[in-house]
Structure formats: structure tokens, C-alpha cells
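Chains here go by letter, A, B, C and D, matching the order in which they are written, and residues are numbered from 1 within each.
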Amino acid sequence: MLNKNQIAQRIAQELRNGWYVNLGIGIPTLVANYVPKGVEVEFQSENGILGMGPFPYEGDEDADMINAGKQTVTLLPGASVFDSATSFAMIRGKHVQLTVLGAMEVSQNGDIANWKIPGKMVKGMGGAMDLVASADNIIVAMMHTNREGESKLLKSCSLPLTGVACVKKIVSNLAVLDVTEHGFKLIERAPGVSVEEIVNATEGNLIVEGEIPEMSF
Amino acid sequence: MNKVYKNAKEAIFDIKSGMTLMLGGFGLCGIPENCIAELVEKGVNNLTCISNNAGVDNFGLGLLLQKKQIKKMISSYVGENEEFERQMLSGELEVDLIPQGSLAERCRAGGSGIPAFFTPAGFGTEVAEGKEVRYFNNKPHILESALFADFALVKAWKGDKFGNLIYKGTARNFNPVMAMAGKITIAEVEELVEPGELDPYFVHTPGIFVQRIFQGINYEKRIEQRTFRKR
Amino acid sequence: MLNKNQIAQRIAQELRNGWYVNLGIGIPTLVANYVPKGVEVEFQSENGILGMGPFPYEGDEDADMINAGKQTVTLLPGASVFDSATSFAMIRGKHVQLTVLGAMEVSQNGDIANWKIPGKMVKGMGGAMDLVASADNIIVAMMHTNREGESKLLKSCSLPLTGVACVKKIVSNLAVLDVTEHGFKLIERAPGVSVEEIVNATEGNLIVEGEIPEMSF
Amino acid sequence: MNKVYKNAKEAIFDIKSGMTLMLGGFGLCGIPENCIAELVEKGVNNLTCISNNAGVDNFGLGLLLQKKQIKKMISSYVGENEEFERQMLSGELEVDLIPQGSLAERCRAGGSGIPAFFTPAGFGTEVAEGKEVRYFNNKPHILESALFADFALVKAWKGDKFGNLIYKGTARNFNPVMAMAGKITIAEVEELVEPGELDPYFVHTPGIFVQRIFQGINYEKRIEQRTFRKR
């Protein structure tokens, strides 16, 4: 079973040279720590940064330099800063090659829900709806099941949707799965996790074809 | 062309209860601190506030929420604010949640004479309810309309007497697009300079979008998530 | 009868303190030379200038600093430069208080034609269609008649339109006229021009009420 | 992220006959001189060119017109060019004339994932023919669609290896919006600098919109209307 950092590390293997990448809040943010050697990417933050760098050194935090998670960050050489309309022009206009975000639920056709639990929690969608509606390449970082052990990979989402038929790949604590025409397709198992465990943790249609390799780092 | 006001109190003198305001900022970054403080002081209420976020419990727009001066919020993300959540879930506060990119573009559209545009964001979700759907290039889009405000309150780094503005870092965010969409736009700046001091090739908000400007005081610039590395 | 400079001078009397003003190519450009004392305005040029100044001193011409008429110009203190989309955001968004432009024809309901003579001349509309569709306050600077002595203030335009029902005021070589619900309303005569001459030179419906004053400079 | 090409010849190597190109510039100000010269040299034809103007008879896009390499022009103003007028009136050249503001906004829309928007410009004119009309706030508007190009060719003052650009004066004009709308955007710059040399708060075109960049040579920067005062 993967911890949060390992999920991020596995996702980082999907990065390709020259890509612009938007990382959501939470686990996705950690992906920046695992960019493979030899791969150059630039991180976009939807509040208006291209070329986002690491956290500042202690004492150098600048209230005027934050990321979309409101964390103090730095800029790398060659970075640029812009307004919110320009930022979403990049996103909506498909200039960002990969979006990584979290989810409360994903359905087997790629629907995603991550912004609202009716009557209980309403944080808002932030930039997620723009991101999932526009990105050609969306990877979801999530736990396979909730605290009660119930699957979050469903036949259809029970929560209000963020986007429809948009998720392409899921990296959970148990597995890597592609979202295909016929449902979730199991690609890799987390170290020490059996196919059976993944089958049991997946409510939506799960396609298991041939030998499923264990993921490697 | 002198648009200078003495302070927030004088600049917002004609903001009245029931009006629609846009407020720049992302989280607590780049928010018009002086104007917000003065709105609390003034006690206007029944406000409709268009702002990406709603501040935190005791700062930013949270200050107006505490005093129940806001009737309706139009935002994209309102986490980090318990009083907000309480007022919303209890029905005291009307809330219109909008995808962040649509919010930014709808402000820009309001300032640009574009009454409506199509965007893919929100198709198939609650956001699309009651909105026209049209397919372009086989992909569904929804029609979103321009947003306007009686007053736009923005915060800039430096500004000149003609209303030209530049922003520092990510404190830019929604400020430029909201400056465009206010019937009256009030800019508060950390430093007010003479015309000619800002490089004309690198002005972020041309003065034509700004009707009033003043030099703010006592900026707290609170950091919401102080994250750092050890040296 | 007014010459081109006098037309510009008469239009300049319409300027009000604090206005942003877009001046078209030709006679309108000359308006900048006659801004009344005590009136502060800023000139917008749709290729991307706010705060346009006079022509540069000889030898200081900069190929990278031109106005919408492609003339070399300068910037005044407090000017700003921006891209074409931002420029027309200002225009379409009604941030410009006055537009002055030329016309080949104006009709009594305020239609304007100034961009094309079918089969003969097609220069294009440039920014004129955006300007006339959006401006609340449009003054046309024009000759009252063409070279053949035919009226250019018509019942309806014969040439392809630039905009419909948008012109508010005309300053011609013969007169100042408002465009009203019931047609052209004569406001002032050019020095030495009789009401009869204006009537004869105007094909569209012309309203003449009471004494018509001669314009003064 | 190194996007640097050696020169125009290498940067435009895969531009082919029949393609749609956007070319920045207003009149002769801010035009991609090196790319245009290389297109002439290369001899590609049947091009659709989206550009505010068409150059003059012997410079700018006029050079491509002379060689009859252009099948169709999409522009707002094409005066100052006799060969253009001749080709257009004789029917050799297809011409789509668009209001200047709509042209700029349609490029920006293409780059911003906005397939269509409403604008008042052109209502009641030839431009509106065949387009949807809708009233907003009692005022008629027409629906305009996004523009795209196989290649956008833009000219900037300075640029870095990541494709970040800044423009000088009014040479900015259509360049930033066209940079957004090219499937592949090629930027030619007067000066190529290292990442970090441009101030990140004052970049005009963020590098994400630029796929290739090269330092141009022998800029003529011809002045169309040299106007001046005596000292």
C-alpha cells in the first residue's frame, strides 16, 4: 500500500520533458518533489504562476508570493506571474499538458466529484472545474477507499460532479488504473497489494487482463 | 486626470447598502485591506460581494461576514472560513459558487463589453443548471454571462495619479480583471507615485479602468499558509 | 465654410475634463491640437496607447511607437501601452468617453458608412466598427458634400454600413448637427454659411428650429 | 524547456503550403520580419494569413502577396497596399475583413479555450451576415467564433530560452493574442536572453504560449508614416 508521498512519486513517473503541469492541493502538490532526473517540467499555479519553485527559506516568506493552496512559494529562473484571466486562458486553452488533482469520488466513465458534500461541506470548486473540463490529460491522486472502507472508485458518483468523463488515469494507494471505455483498467498494483484486494476495493467495473505488474520506483 | 483621494474613508464615501462590490485578491493575498476595514467601520450591509474567496474568520472578507454585512457571496472557493460555512449552511447567506476561470473571465467580459461567452467549465455539473449548452468541435460548452459591480475595490503595489497600476507577484490575481469591471473602480496602493514614474510599457492596469486611487496604510498582508524550508 | 483645422477646432470644444478620447485617422487626429485650456483629456489610440502625445522631435522617431494611423508619436507622462485585445476591451467596455471619426456617409437615423465602396475601394473597417458599436458618444467629422456637390448627410446610406443608429453629432464644413429621433437637427452654422445653403446640402431630413447661431471659436 | 532555434529557416522548417498562419504586427510595426523573409525564400503558397494589415507593396506581408503565396487574408484594414487591392478586386485573393477588436478578441479566444463570444461590433453590417444575433440589455450583439492557426509568427523585443517575451512600445499590438492562438507559436526576438533576466512580474507573454524562439537579424523596422515636429 502506498503512502501519500509514494502516490506522488508514482505520478511523477508520468511526467514528460517539456510539459507544463498543474498540481492541485494535497497529494498532487507533493509530485513536485519527485520529478525524475533528466525531465524538465514547469509547474503552473492557477492563481498566476508559471515556473513555481520550492518553499522559500525560513524568513524569506513573502505574503505577495503564494501558490493556489495559499502556501508561500518561490519563483524559479524563467518564471512569470500573471492575472487570473490569463492563468485560466492557459488552462482552458489546453496549454497545460497535465493536471493532477485529488478526488472524493471517480466513476468508471471518468466523472469526478471533489468539491461539495450537500448539506455538510461546501468549499467550492476553485479552479477544478476549469481544469477538468479542459485538460486532455488528467491524473487523479486519491485513496482507493474512504475511512469506512467503502470504495471511492464507483459505477457512478453519488456526490455533485466537478466534471464528466474527463479522468484518464488514477493513482491510488492500492493501484494505477486507466479509465477506459469499459471502465477502470488495472495497470499496476502497489507493492504487496493483491489483485483481489483491489477488486474488493473497487465498486465500479474493473478490468483485469493478464498478469498485473507491481509498480516500481 | 487627478484621481487621488485622501484615504479609504473618502474614497468609498458613496458605497451604499445593497450594492454589488467586486473585491480583488486570492486568499488573503492582494486584498484591499483598507477598503474592507472602512466598509466594516461604515456599517453598510446587504452587500453582494464578488470575490474569489471569502477571507478567513477574522481577516479579509471574514470581517464583513462576522458583522453580517454580506447578503450574497459570488466566489469560487470558500474553505478556510467557519463563520462563512455556518451562515451558508444555515441559509443566512446566499452563495453563488462559480468555477475560478469562469469567474475571472466573467469579470474581464464585464469590463470588455462582451456580454456572454462559451466555456467548457462546469458542463454536466450544478454550475450548468439553467444555462445554454452548445457543442463546438463536438465538445459541450455552457454560456456564461458578464459580471459587473457598482464598485470594484482593488489593491496594487504602486499606482500613479492617473490610476495606472502595477502589482507585486501573485497579489495581481483577480485585481486587473475586477478593475476593468467596476462602474467605479477604487484602487488602494502601497505607494502612490507621480505620472511618469511607472514604465509605460509595463503598466499592468492602465489608468482608464481606475476612477479613484489612494495610498493605503498599515498593511498587515497576513500569510495564510506560512510554508518554508530550513536554510 | 470651415477648413479641416476649423472642423477639428470646433469638435475640440466638445471635450470635457477627465475624458478618454479616441481620435480616428484624418481630420479627427487634428482635434488633439485644439484641446481647450483647462480641459485635461487622454487620447487613446486603438493600436495600444493611452496618453498619446505629439509627434516626436525630428530624429527621435521610433518605429516601435506609432499611432493607429501608423504615424510616429510620443507618450506623455502617465501613459501606458497594451495589446490589441486590451485596447478594444477599453473601447467595447465603454471606458472611452468620446469617439471622433470620419465618414463617407451618415444617415438621418445615425447610420454611418466609412469603410468600403463596393467594387472600387476596400480598405477595411479597422477599429471603426468596434468604436461605433460601443461608444455612447460619437462625433463625426466630415465634409457636408462630396466633390460632385452631392450631400453625404442622407435619408439612408447607399454604401455598406459601419454601424447602425450610432452617430450622435456631426461637425461638417458647413454646420454642427445633432442626430435626433426625427433626423438631423441644425445646431450651428459655419461662419458665413446660410441656413439655406445647409438645407440645400442636406439630403436627409433636416430640422431647423428658431434662430441658428453662427459658431464661434 | 529550451525552445531555441538557430534562425528563421530552422524555426519555420515545417510550415507547409496550404497552412493557416497568424502574423503579429500593426502596419509595419512589430511584424516578424525574419519569418516573412524566410517564407518568401521557402516559397510555400496557398497560405491563409491572419494579420491585422497586409503590409505595404514591398515590405511586410506585401512581399508574400507579390509572390502570390497568399490564398486568403483575414484582416481588419488593408489600405496602403495597391497589389493587395488589385488581387482582391480581381478575385485572385480571398479576403475576410473583420472589425479590429473582434479580430483581436477572436485570437485571444482561440488561445483561451473560448469557442465563441458575443460582441456588438458589426451588428447591422456585412460583418453580421450569417451570424447569430442576440440582444443583451436591449442591445443587439453578434456571435463571433475563435480563430486558430497552424503557426503563429510573432515578433518581440526580448525573449528568453523558455519563450517568455516582452515587447517594446506599440510593437506589442496583436503579438500577445496571436502567440496564444498558434498550435505552434514561433517568436523572433531582437535580443535572446537567459532565463531569469526578464523580470517575472513584467513578462508580457508567458513562455507557455511559445513553442520556438530565435534571435532575429537585420531588422529594418521600416516606418510607414514618419511624422515629427521641428526642434
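Note that in this section contacts are C-beta pairs under 8 Å (C-beta built on N, C-alpha and C of every residue); 3 or more make two chains touch, one makes a residue touch a chain.
The model shown is predicted, which means the values in this text are computed figures rather than measured ones.
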item	value
Common touching chains of chain C and chain B	D
Chain D and chain B - chains in contact with each	A, C
Of all other chains, the one whose Cα centre sits farthest from chain B	C
Chain A and chain B: spacing of chain centres that average the CA atoms, whole Å	28
Centroid spacing, where centroids are CA-atom means, of chain A and chain D in whole angstrom	36
Centre-of-Cα separation between chain C and chain A, whole angstrom	55
Shared-contact residues (touching 2 or more other chains) in chain B	105, 108, 112-114, 119-120, 168-169, 172, 201
Numbers and ranges of chain C residues touching at least 2 other chains	81-82, 88, 91-92, 134
Every chain pair in contact, whichever chains are involved	A-B, A-D, B-C, B-D, C-D
Touching residues on chain D, where the partner in the complex is chain B	105, 109, 112-120, 134, 136-137, 141, 145, 166-169, 172, 201-202
Chain C residues touching chain D - in the complex, by the definition given at the top	45-49, 54-73, 81-85, 87-88, 91-92, 111, 115-116, 119-130, 133-134, 160-164
Interface residues, chain A side, partner chain D - complex	18, 20, 40, 42, 44, 50-51, 75, 77-82, 86, 88-96, 134
Residue numbers on chain D that touch chain A, as the complex places them	1, 108, 110-114, 160-162, 164, 180, 194-196, 198, 200-201, 203, 206-209
Chain B residues touching chain A - in the complex, by the definition given at the top	26-30, 52, 75-80, 85, 88-89, 95, 97, 99-105, 107-108, 119-127, 157, 168-177, 204, 221-231
